[in-house]
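Below is one structure. I have some questions about it.
Chain IDs A, B and C follow the sequence of writing; residue 1 opens each chain.
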């Protein structure tokens, strides 16, 4: 139809015009901006009220904490002058299991609106977070503290009611002058406070704009004590699709990517195709494992659990599915944790040994190749994990085959994450096996995972994370001491002994420790990923600079 | 007509209320606990903390209490700030703001898809009808069938493969390029990002409207008044323009009105493939993340548009065909 | 003059009705329809393809070249070769084999949904049309409500609500919301046929209501139901693949054409064949059923021709 050609033609012309003007629309890359890519948009920038990793990443640039970690996992002072120690006397042990820790604040820190940042903000924050009506997500530390006072604007005194080994880590500090009015009117309203979006921080970068669905723009704060940030602008782009993010990295449109926005395959692809980008595979404190239900008639026998461990070829999994980059775990603590024990009992892939153990435990092979127990029941078990997680689903399918060769029939039964963590794990509704990961930190002691008082039951209101329901008297006794042992070598020795017991009893099957995956343009120096959840790749971003 | 409209409006309100109860109950019963999920990512949360959070969000109240509270927020606004439709638990922002942004993004997609489907579909259908049984007609018919049969998400993935990866003309998803200068370049950038998803979203309707237009046009051409017009000696073109097309278009309006809810509801697939931050994706995440205020607001909006456009379709149909009478 | 018996009247009326419908005397309705169908080229292609794909699915355990769930970690992401005509996936499984087995799932969903919707819709529609009155009003109100429901979002919620990852769950969800179209079609047919002469004659002969429904009304209403059922197969396959793609339909490791595409985008650079072939089969299957449905519509009732 001739008169229809008109509109169609004009659309084509418009399209060509669009393509033609494209070069002008491309971003201008300049030395004073670094673009950091994330696959999520943060929910809010008040760390105590929101839990998305994306938010904590941005707050790493906008806030300077009292104390932080560097890439060697050593504590470094942030807004305080020094880290309190027992030797120096600013960390005191008091009778009755109490402690007192004193922090001296550095001078010169200010909030981004110019108001001074002092110990009074810290003590106010404690009171605010502690209020049961505030939307605080975790009061774990707060419950151990009796009181926090600020005798003068540069001193903070923390009174502890128990001997917490990591009391020198500092505390959350929010700007009192920004939040107090709304807090006094209604603590519950703090979750929707403007501080979550128009955040006033004290860090090397201040928030200048947040365009929902697009990006957050930060600019170097000129009144930051010490060296101001070398790269003046930080732009955090939310690119929801990892393939698109990958394409942007390949085209150098994104300079740095925050932790764990890619799969290993995508990282390898970037490594191969774009020599201008560095890829970092940093061992992180994420323990991927399979919890076993020790109340099950078969799994309560230690030999069966050990046989399961021998039936899984974890080396092959690591080599084939993770290109050898994720170390196999033999215990529940990772290598870089203070309590790591390298010389625990290891369960290598040994199907013959597995069969022998199972035979000892009373299993006999059936006619279809599947084992039968003493009562003639088929050895059929199920494994549950988060639905939709590619690497976990792949592991499950490999496990199914590996266990079949030993005579165990594995059934796969997955749930969405909110169901898995909402009911299956913490109500112990998994019949045999559940696979997931614990995020740990250098301060993880493990008593909530393994102490017998931490088995969630209806009577204790489902408190605790000892999902396997493991009870061991010696391990319990060790943990009772570990949680209040301030002396590090003593504590480490006890942790190591606990792991010896643990690896013999094997209430869970350790799989491997996951990695923190980052990319960064080679010309940005120095980028030092830490591998700690909570400390993101931008922890030292004020030191970053473009080289030529 | 007014009585009819009034009755249908009342009808619609009943449907909306019933649907809201149904959907709220379904959402609440959906297994999975958003608060317990926090435990997996934060090693320091204890059960006392989750208990306090549950109390804070009212998650332990019985169903009817939660429903009534929600209705109150819907009508009167959030008790603390007066924000209509309440706050999103995930984002801590007013629902209207979040939904507004996402709806704008989805509307970009929908309007583009509409314009494209209408322009291409109608012209193809008319051409096909006028040249019935020709080769072009055959090709267009087969293409229309194909457009009906292709899964939207697969088409999106294949387009990305062909036009963004192998031949890198278009972006592989997203709405904007990082750091584009505002003004004319930003607009061009937006259009550039729109092209692939709009084509994908428009395909189904282009096919449907082409076929419908063809049949409608064929029916009209055979009718007497067209023959009369021809016999009167007017040029062929004028005959087609003035008489046939106008009459053939009328039932299309009905079809178009009925397509809007379908497009809105189905946008989640296109938005997922192209990472388009639109309303479909928002609903999907809100349902899985148990963000009840957002999910209910979006669901109600979708139900409302469905009811309204169904009504519009009926009205258009009644006005177009005087033989239809609604009692 | 001898009165014609009621039976003779009924037969005569039937004959006249058929003559009015342009059906040649002496040939049954179905024979005529079959002849018309054979002339429709696209429908033949579609029908043949549909039969072929169904056979492929049914015979999959015997004709598939490899195993659909055996993992081969040495051969992940192998590009298409003679050995693996469509390549292998992220666990080294042959894609062609998985497509064949996934076809079983998708086609079962399609067929069972079509049958379930046809039966439930026909029964409800027939009841509403035949009995009329309050039953009709109640059922049509129900239809109105169901039509106003935003479909895909509700599928999302229901899929998240009902646990499991199998075929039954999907078919149930589709049927609960899908019977309305068929019900309306059947009801319309019943309404228009209700007052037809042969029904009056049948009543005059004393035939019971059930007999009237079964012997006369339903066979005549069958034509649009057959067409709708055929098109439902395609629509159900499309809907199932969409839900499975989003992770809410058939759960892995059970292969479905939809869930084989869930992660295809991640591997576009590395293994683009994973994105192409499963979707191609969805497309071809749905296309075949659409051609077939269109041909059936033309053949069974040319008055409905578009």
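The criterion applied here is as follows: contacts are C-beta pairs under 8 Å (C-beta built on N, C-alpha and C of every residue); 3 or more make two chains touch, one makes a residue touch a chain.
As the structure is a computational prediction, the values presented were derived from the model and not from experiment.
S.K.: Based on Cα centres, what is the most central chain?
M.R.: Taking the mean of C-alpha atoms per chain, the most central one is B.
S.K.: Does A-B or B-C have the larger number of C-beta pairs in contact?
M.R.: A-B
S.K.: Average the CA atoms of each chain to get its centre, and name the chain whose centre is farthest from that of subunit B.
M.R.: Relative to subunit B, the chain whose C-alpha centre sits farthest away is A.
S.K.: Taking the mean of the C-alpha atoms as each chain's centre, how many Å separate subunit A from subunit C?
M.R.: 48
S.K.: How far is the middle of subunit A from the middle of subunit B, if each middle is the mean of its Cα atoms, in Å?
M.R.: 38
S.K.: Need the CA-centroid distance for the pair subunit B / subunit C, whole Å please.
M.R.: The mean C-alpha positions of subunit B and subunit C differ by 25 Å.
S.K.: Out of subunit A, which residues touch more than one other chain, so two or more?
M.R.: Residues 241, 243, 415-416.
S.K.: For subunit C, write out the residues touching at least two other chains, lowest number first.
M.R.: 160, 163, 265, 268-269, in rising order.
S.K.: What residues in subunit B touch two or more of the other chains?
M.R.: Each of 31-32, 172, 288 in subunit B touches at least two other chains.
S.K.: Name, in rising order, each residue of subunit C that touches subunit A in their complex.
M.R.: Going through subunit C, the ones touching subunit A are 69-71, 73-74, 76, 90-91, 160, 163, 165, 247, 251-253, 262-263, 265-270.
S.K.: Which of the residues in subunit B end up touching subunit C in this complex?
M.R.: Those in contact with subunit C are residues 11-12, 15, 18-19, 23, 26-27, 29-32, 141-142, 145-146, 148-155, 157-158, 160-161, 165, 172, 211-212, 214-215, 261, 264-266, 268-269, 272-273, 283-284, 287-288, 298-299, 302-303, 306-307, 310.
S.K.: Touching residues of subunit C toward subunit B in the complex: what are they?
M.R.: 42, 144-145, 147-154, 156-158, 160-161, 163, 234, 238, 241-242, 245-246, 258, 261, 264-265, 268-269, 272, 275-276, 278-280, 282-283, 286-287, 290-291, 294, 306
S.K.: Tell me, which parts of subunit A touch subunit B in their complex?
M.R.: 1, 4, 7-8, 11, 14-15, 17-19, 21-22, 24-28, 33, 35, 43-44, 49-51, 53, 132-133, 135-141, 143, 186, 188-189, 191-192, 196-197, 212-215, 235, 237, 239-241, 243-244, 247-248, 253-254, 415-419, 421-423, 425-426, 436-441, 444, 448, 456, 461-465
S.K.: Could you list, by residue number, the parts of subunit B that touch subunit A in their complex?
M.R.: 31-49, 51-53, 56, 80-81, 87, 90-94, 97-98, 101-102, 105, 119-120, 123, 126-127, 130, 164, 169, 171-181, 184-186, 188-189, 191-192, 195, 274-275, 277, 288-290
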